[in-house]
Amino acid sequence: MEYTKQEFMAIVTGREIKDGQLIILGVGLSMLAGYFAQLNHAPNLMPFTEGGVYGSTPVGGLPWGIECNRISANATSFTNAIDALGFLVASGRCDNAVIGAAQVDQYGNVNTTGIWEDPPWRLGKYVPPRVRLNGSGGANDIAVGAKSYLIMASHEKRRFIEKVDYISSPGYLNGGDARQRCGFVGGGPSAIISTLGILRPDPVTKQFYLDAYFSFSSVEEIQDSTGWDLKVSPDVKVVPEPTEQELINIRTVDSTGSLRKKG
Amino acid sequence: MRNKLMSIQDAVAKYTWDGMTYCHGAAFPVGSDSIAFGKEMVKQGRKDLNVICHCGSSQVNLLAAVGAVRRVEVGFSGLEVYGFANGLNRAVTSGQTIIEDYSNGAMAFRFFGGAMNWPFVPATVNICNDQQWCSGDDPGVYPATGKIPTITDPFTGQTLGAFRSLRPEVAAIHVTMADIYGNAIMLGSEWSRFEMSRAAQKVVLVADKIVDTGCMRQYPNLVRIIAEVVDAVVWWPLCSWPQASCGLYDSDEEHMFYMNKAMKTAEGTEDYCRKWVEPYTTPSEYLDLIGPEKIAKLTATETAFLMDPYRKWIKSDVEVAELLDQAKG
Amino acid sequence: MRNKLMSIQDAVAKYTWDGMTYCHGAAFPVGSDSIAFGKEMVKQGRKDLNVICHCGSSQVNLLAAVGAVRRVEVGFSGLEVYGFANGLNRAVTSGQTIIEDYSNGAMAFRFFGGAMNWPFVPATVNICNDQQWCSGDDPGVYPATGKIPTITDPFTGQTLGAFRSLRPEVAAIHVTMADIYGNAIMLGSEWSRFEMSRAAQKVVLVADKIVDTGCMRQYPNLVRIIAEVVDAVVWWPLCSWPQASCGLYDSDEEHMFYMNKAMKTAEGTEDYCRKWVEPYTTPSEYLDLIGPEKIAKLTATETAFLMDPYRKWIKSDVEVAELLDQAKG
Amino acid sequence: MEYTKQEFMAIVTGREIKDGQLIILGVGLSMLAGYFAQLNHAPNLMPFTEGGVYGSTPVGGLPWGIECNRISANATSFTNAIDALGFLVASGRCDNAVIGAAQVDQYGNVNTTGIWEDPPWRLGKYVPPRVRLNGSGGANDIAVGAKSYLIMASHEKRRFIEKVDYISSPGYLNGGDARQRCGFVGGGPSAIISTLGILRPDPVTKQFYLDAYFSFSSVEEIQDSTGWDLKVSPDVKVVPEPTEQELINIRTVDSTGSLRKKG
């Protein structure tokens, strides 16, 4: 079966999601990966949204937003942002999450706020961005609080950079124990799933290295598409191809085919 | 308890003014928001607004696009799958609108702090990153120290941050159903509307449906916004359109893209307002503009069953008009 | 999602232990509380408990009366119009039970802080008075400085206090209705049960009624306690008796006075337990003990109409028994 | 018409409650005074309870507790303690309240926590009380936060004392500007309504003085029943007798006559 990079990325991300986890999902690839996992291998997954929508699965296609009626038609509970992002996420209770990134750096710090000619950290002052993105949304709360989380990003050199323009959602900051020194309750990002492969943090330095690549890519392509000196695992592997069942499942979730149309 | 029904024109005239700190909610990018209220603010020419919204939505996108927003505090400024908020982003990158970024969690916690009248709210998130270090209000210093200053936990000595609490001057809050006194039921996620309704100094409800108070007495645990904190109730059907209202209508996919595309330029925004903001005065003219076919499609929502328990208490258009007359009385 | 139904005996055996920090709720002195759970703790001989309860209730009154409580944190320890809590007060004045006093507001705010996992909660109440200056835990010093230490607002320099957040090991929470997964609806005031359910490390629900999950899908905004945070669900009809449960039964005026009078002495307490705590094992034996006449009177409550929307989803005793068997399976 | 001291006290307290006020009420005399006021002269009063019960009136007699079904049968909203005691009371939003006192002192500080042989402030350490009362409940939150509030207490020398054993709910502390120095948002107690008369705080010293006495009492009796040197207003008055309508109204609220049985 043919598949798109986006579909593969969502399947690979879904594989990182374990049964029984309490997981917060955002729209798009995040929900796709999460609900795919639930359908595919994690029937007891407990997904919820930032708005406090619990116990639901999408109806009529992937939701346009976390408060879209497509995710509200069969919920067991609607609460609120303080509950979802505070009590369950910032508190450290949530097991897993999937967030996106416009830029991600060698330590898994994520920028979803803006693109600058010269970023504030280099300028020494704050100026409006050249391109305004969306801000952190709930991703900062997730990045600080979730026990672990997954970052999904399109693997391009302008996105995988040494140091992001703006840290919207902190990964391991400057690496090492920088994160602990901030007192964050959550463990930090466990993997970056890109359109080309899987990066994981070094246990000590917290710099992300290449752990596995997709069959249609290569170590070289990935290093070329990465803005830092990307180390490669000595036992770097090829990510297993999507199975037929996985593809059937992901298309069951993405019932309108929104992810099949892309790249 | 007083009948607080008010026309949208009167509510905007009375509860908004140039330079005010305006808060709207739920401020979901795709779902519930008091968008009809923001459109009326555009019609009445409000400007120089300091907007506090949990997220961006089509409302602040429009307000910023017409140049009415001086400053905005927000957790997420986009329209989710509908894309970046072109109107707001244009205002921000041009320097017209100062944006002060927080996370979505932080915005909710800050409304909580405002509702409690705490001078600050403990911050375990938004610290050690650029939400703490970059300040739209104090741009000259990096890292900024006054936006989310550090404090020390007196029990453990741990360092954390402190958020400013939010006490907006007026909040216009979308609810699914309200009675004429201001008791309201929200279907779907509350987002931060419960806390917002207590944090704001004045509260205007913008309700899709007006219901009899009997509905509240049957379901008091659903009444999370109470007459005691509400100043005015505006009835406006499809008041979140082109966004969704859980139980009542889906988001208007076509119009969401169309509207946001229009916000990209000043000309597009003007054209949009001429076609979609200016032409109506009454709810029925508004519904005519959207059109019966589109309305039929949007209201055929999978969530419609969520409204079933409450239908018998919904006031008809004629009844609402009478109640509105009585309120003017 | 797992079927979490459990017998009350198994739930107490699994989720309580000597020396634990036990939290019960709503901990209203006259209304909803998980009293049946506390009675089973008495039967299983739990002792040396550190009890956190928003208010006293007949539950902590009994637990203290039998000498099972080492320490209690509370906002209000009485039984409202039913009088001072004789069992708890006897334990406190004899020095057997350390009491740490806060206000009712403070207890709720501290549960909120625990749910947020904040190291402390800003205190604008309970300061500058003896709730700050007297500490049961640190009695040697007056005024105490470690119970509610002072902190400084970084924005204004204002001095306020800091509360310790509450993260009890286990909370046994009364709910009107729960499904087998732990989604629950409370009728009447929540008191602090929403926050408590997120602050506690383990949560056991004690439900008057078990309902089908269809009820939750029809009324998701009423489901304030979610399966995601619940560890076990115990079905126990009239589980708040002799206190009330909104929508289901009134408080048993006669028994409230009788029970509290018995708690005045060790002998009275023993006698009470022999007659009213020990004799039953199953819900039906419990209901027989209370007696059909009394039950008919208590359930003829003016609030009964509040249950009407949910009746069709209530599981019969036979269905609950089957579901309990399935859960064991 | 005959009436009891308790009924009169509740009527007099009710007279201090103005139409349109947002008021938090506790069980017993507090609710009696509040619902009497609502029926008698304040139809737009907005009473609520600590538990967040809004829009209701008692059914079948005065409630046994703030969560009694008698107050839950016709509510327009049930929320929670954080809403009622935090958002509406501790915040400074609530206009008025009625609280009780086992002891009250010259500055309107209230003790509802315990009675000591030797109170902690004199002993210099905390010991368990000789008699344990109930603790502050929500009264501390009210005392700190409400714009103003009323104290009801039985006028006896052992209860009206110079300095309470334990400040459960702060009035004006040591008087003068002591309260402001604590940063409390609320204004403090506006009156003590006793079984014998009405005491009000001196605008400067904040010491309570006798403003008016009940017809069946006298300045002398009240001074004799007060543990501090009770000053008397130069224009001290007799509190107007309950009208027949007031008595009818208070008995409509106290439909089971619980307050008629008492002293």
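Points to keep in mind about this one:
Going by the order they are written in, the chains are A, B, C and D; count residues from 1 in each one.
Note that contacts are C-beta pairs under 8 Å (C-beta built on N, C-alpha and C of every residue); 3 or more make two chains touch, one makes a residue touch a chain.
Keep in mind that this is a model prediction, so the values were computed, not measured.
Chain geometry summary: the mean Cα position of chain A and that of chain D are 56 Å apart. Measuring from the averaged C-alpha position of chain B to that of chain C gives a distance of 37 Å. Averaged C-alpha coordinates give centres for chain A and chain B that are 28 Å from one another. Chain geometry summary: the mean Cα position of chain B and that of chain D are 40 Å apart. Residue positions of chain B with contacts to 2 or more other chains are 109, 116-117, 124, 158, 160, 187-188, 190, 194-195, 220-221, 306.
Shown for chain D are the residues in touch with two or more other chains, namely 78-79, 86, 90, 185. Viewed as a contact network, the protein chains fit none of the simple shapes, being neither a path, a ring, a star nor fully connected.
Under the contact rule defined at the top, the touching pairs of chains are A-B, A-C, B-C, B-D, C-D. Those residues of chain A whose C-beta lies close enough to touch chain B in the complex are 27-28, 49-53, 59-60, 62-70, 72-73, 78-82, 85-86, 89-90, 109, 113, 120-121, 123-141, 144-145, 166-170, 173, 182-185. Note for the complex: chain B touches chain D at residues 1-2, 115-117, 179, 181, 183, 194-195, 198, 213, 216-217, 220-221, 223-224, 226-229.
Those residues of chain B that touch chain A in the complex are listed here as 26, 28-32, 54-56, 74-82, 84-85, 88-89, 92-95, 99, 101-109, 112, 124-131, 133-136, 138-142, 144, 158-160, 187-195, 244, 246, 250-251, 253, 256, 301-303, 306.
By the touch rule above, chain C contacts chain B in their complex via residues 109, 116-122, 124, 149-156, 158, 160, 162, 164, 185-188, 190, 218-222, 305-306, 308-309. On the side of chain A, the complex with chain C involves touching residues 22, 44, 46, 48, 54-55, 74-79, 83, 86-88, 90-93, 185.
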